[in-house]
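There are structures below to look over.
In the two complexes that follow, subunit A is the common piece, with subunit B as its partner first and subunit C second.
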Partner chain A sequence: MEPSVKISIRELSFFYHRTQVIDSLTCRFRENGITAITGPSGKGKTTLLMTLNRLWEDTPGAVMTGEILIRFKERVTNIYDPRVSLPWLRKKVGMVFQTPNPLPMSIYKNTAFPLMLAGIKEKPVIEERVRQALEMTFLWDEVKSRLNRDARTLSGGQQQRLCMARALVLDPEVLLLDEPTSSLDPRSLSMIEALLTHLKKDRTIIMVSHYLDQVKRIADQMMALS
Partner chain B sequence: MRSQRLEFAVTLFSWISALVFLGIMTTLLTYLLIKGAPYLTLALIFGTTSPLDGLLLKQPVLNGLFPAIAGTLLLVFFSVLIALPAGLSAGIYLAEYAKGSVKGFFSLMFDLLAGIPSIVVGLFGFSVTIFLHQRFFGNLYPCLLISSVSLAFLVLPCLIRTTQTALESLPLSLRQTGLALGATPLQNLFRVLLPRALSGIMTGVILAIGRCAEDTAVIMLTGVVVSSGIPKSVFSNYEALPFYIYYISSEYRDRAELGTGYGAALLLLGICGLLYFAAFSINRRFKNAFRKRV
Partner chain C sequence: MSLRAVIVKNILFFSAFISAAVTLGIFVFMAVLGLPLFREGLFLDMLSQPWMPHKNSYGIRPMILSTLSLSFLSVLIAFPLSLGCAAFVSVISPGKAGRFVKSMVGLMTGVPTVIYGFIGVFLLAPLVRDISGRGSGMCILTAAILLAILVSPTMILLFSSAFETIPEGYLRAVDALGGSTVQKFIYVILPHSWKGVLAGVTLSLGRAIGDTMIALMVAGNAVASPASLFDPARPLTSHIAHLIAADFNSLEFKVLFLCGMALYLFTLLSAGLVNILSSGKKKEAL
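Now for the complex of A and B:
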């Protein structure tokens, strides 16, 4: 695997209840930058994202074959190696879903949730990292006075930026985005695009997108599934 | 035109059903109130003992329902205490961990358990007591503990099913939220899934409380008696309201005695209402606490 390659997928096939969704896909994603995945519905775009953090494994009737290597800072890892711990992998490979999914708790606790899961207990550390994450997604100024309010009181665009902050709080090396702007208004959309352009400098971002103009605006690499 | 008529018929039928149900409930409650309210006095509860002395257990209440109320409350408490951990764990196991044929097998077993009539559960508790008495513990007789364990068996299927359903009906997206953020399955269960399933689980607990408070068949065979006073330990006999109602309505000697039966029925209704209310408030408390803690 060449040094500039972050993710290497070999002979990936995916089935849901014997229906083939992905047929022996082999591809590479470069380190840092945005790769956009496009293609019609039902062609396995979301599934492809979920093979990168193994989130599909709880889905009944799903079967995958093939190999995926990711070059993490420590070492190149075959993420389907039985020795790989899932929580560890998902801390390295963050994911943001199509619809904002804040948990029923405060803004602060939503953002701090992954830190809590990772067992970080020092309050100053948590506060600092929550602030950084919220600043990164341009949300800090909007919510700093009401961090203890229920996160579900935020607007759709704010919720999605909160979810991005939550995915970024553990500083993942790879960020998976499943049509992150599909439910947003134009203003939130441009904010998130600006955020992604900023984030891609030191992160590998894989994004499913339906909008070709968006892909042209911010993606460095495009992959069409058909 | 026809579909409109159908719409109307369905709406009408729903209204009539609701009204009939409401009517039956009101009739039943009014009947109970008319028959029982005149007897609903402190004397019904404490007899000739002074209420304060009775409550503080200074003097035994000999001719009132206080021991039966205490017995019913203790019975509900111990039964739920025994059934809750087992029911929750089994429900979590079925919803989150059991797969394929094992899950099918356990589901079938719990459904069978749910279908067992309470008198059979009572008989089972009774036979187990006899067995234990003859083989192991010569001092063991039907008592509060045996009744609680038997009742726990009776309500277990309901607790298991509601826990399982509450967890299984959570959307996949919620399940994935925690996992995608690096939660272990156990963290996901306790931090994300259970807090969200809590109100569903609470429904099961409330049903279980009601079942424990009103059951007569099980306790009749496993330790309830007409008169024993407040139980001294879980190994004592005890009194209970539903059994008192059953006993008095089959063996009353005069109108006044039958009246106390109606009074007891009202008391039992009131106690159930209070227990439901308590369960609801605990549920709300829990929800808020989870929201604050997480």
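Now for the complex of A and C:
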């Protein structure tokens, strides 16, 4: 695996109840920058994302073959190696979904949630990292006076930026985005695009997108699944 | 409206009316028969005095205390077990193993209570007797353990259906953030389903209060206020089931209706609480 390659996929095939959605895919994703995955519905775009953080594993009837290597800062890791712990992998590979899914708790707790899961207890550390993550997603100024309000009271665009902040608070090396702007208004959309352009400098972002103009605006490489 | 529709509507109305009327009618029946007690101003005395027929004292305080201690203790025993079992079935292992356990729990709801009574008399009571080193082993603890087994399926099924109403998006979010199954349960599922959990506890409490067979067979039948776990007791239900008096005009007999009313009120309270909780849940869903 060359140094500039972050993720290497070899012979990846994926089945849902014997229906093949991905057929022996081999590809590489470069380190840092945005790779857009495009293609018609049902071609396994979301599935491909979920093979990178193993989120598909609880889906009944799903079977995967092939190999996925990710060059993490520590070492190159075969993420399906039985010794790889899922919490560790998912802290390194964050994910944001198509529909914003804030948890039924306050804005602050939502953002701090991954830190709590990771066992970080020092309050000043948590407060600082929550603030940083919310600033990064341009949300801090909008919510700093109501951090204790239920996150579900935010607008759709704010909720999605909160989910971004939540995914970023653990500083993942890889960020998976499944059509993150499809349910958003133009203002939130441009905010998220600005955020992604900023993030891609030192992070590998894989994004499923249906919008070709968006892909042209912010993506560095494109991969069409057909 | 066609004739058929009118007939169907009236039949349905009649059925609904009958069920409501019977519930209310039973209470009125008990109230009327217990009326002499109220009239004679004996009501409060009855609730607070001991049961000593030879001294002409027919108070039901021991029975009320027995019912309350027995039912609360059984719910206390059943709660952690049911919570763990429901978490296993719905969260930790929802696959084959979970489905198997759930179907076994479903079967448990159909076991006649007298079977539990048998197990109590022949298995559990001797064991409790050996451990406590006194009495017959028929006591509050034995009955509470059996009642806990009796009410746990209700709890497990209600808990697990509450756990399963968690929106998929929440679970996905925790998974994607690297949360373990246990973290998912503690931080997201449990806080989100506390209403269902409380409803399960309350409904089980109602069942435990109303159960007669176990109370009758293994609680020990002593008409004294229980002071320890190993004391025998006679809850309200089993007191009524004994139907001790032969003289319909005696105080001994009239008191049974007071027992009935007390039981009725206890179960009414728990059912009312469940109603309030579940109506709150509906509002939240909207």
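Keep this in mind: the second predicted complex is superposed on the first by the 226 of 226 C-alpha atoms of A that agree within 3 Å, B and C clash if a C-alpha of one lies under 4 Å from a C-alpha of the other, contacts with A are read in each partner's own complex, and residues count from 1 in each chain.
One rule holds for everything that comes next: a contact is a pair of C-beta atoms (placed from the backbone, for glycine too) under 8 Å apart; a residue touches a chain by one contact, two chains touch by 3 or more.
It should be emphasised that the depicted structure is a prediction, and the values quoted were computed from it without experimental measurement.
Trainee: Which term applies to subunit B and subunit C once both are placed on subunit A by superposition, clash or fit?
Mentor: Clash: subunit B and subunit C overlap once superposed on subunit A.
Trainee: Just subunit B (first), just subunit C (second), both, or neither: which does A:Asn53 touch?
Mentor: A:Asn53 sits against subunit B and subunit C alike.
Trainee: For A:Leu184, decide between first (touching subunit B), second (touching subunit C), both and neither.
Mentor: neither
Trainee: So, does A:Arg166 touch the first partner subunit B, the second partner subunit C, both, or neither?
Mentor: Touch status of A:Arg166: both partners.
Trainee: Scan A:Ile206 for contacts with subunit B and subunit C and give back first, second, both or neither.
Mentor: neither
Trainee: If you stack the two complexes on chain A, which partner ends up touching A:Arg90: first (subunit B), second (subunit C), both, or neither?
Mentor: Both partners, subunit B and subunit C.
Trainee: In the superposed arrangement, does A:Leu196 touch subunit B (first), subunit C (second), both or neither?
Mentor: neither
Trainee: Look at A:Pro114 in the shared chain and tell me whether it touches subunit B only, subunit C only, both, or neither; answer first, second, both or neither.
Mentor: both
Trainee: Using the superposition on chain A as set up above, list the residues of subunit A that contact both subunit B and subunit C.
Mentor: 53, 55, 58, 86-88, 90-91, 94-95, 97, 99, 101, 103-105, 113-114, 116-118, 166-167, 170
Trainee: Residues of subunit A touching subunit C in their complex?
Mentor: Going through subunit A, the ones touching subunit C are 53, 55, 58, 86-91, 94-95, 97, 99, 101-105, 113-114, 116-118, 163, 166-167, 170.
Trainee: Once bound in the complex, which stretches of subunit A touch subunit B?
Mentor: Those in contact with subunit B are residues 53, 55, 58-59, 86-88, 90-91, 94-95, 97, 99, 101, 103-106, 109, 113-114, 116-118, 150, 166-167, 170.
Trainee: Spell out the part of subunit B that touches subunit A in their complex, as residue ranges.
Mentor: Interface residues on the subunit B side: 172-184, 187, 191-192, 195-196, 291, 294.
Trainee: List the residues on subunit C that touch subunit A in their complex, please.
Mentor: Its residues touching subunit A are 169-170, 172-180, 183, 187-188, 191-192.
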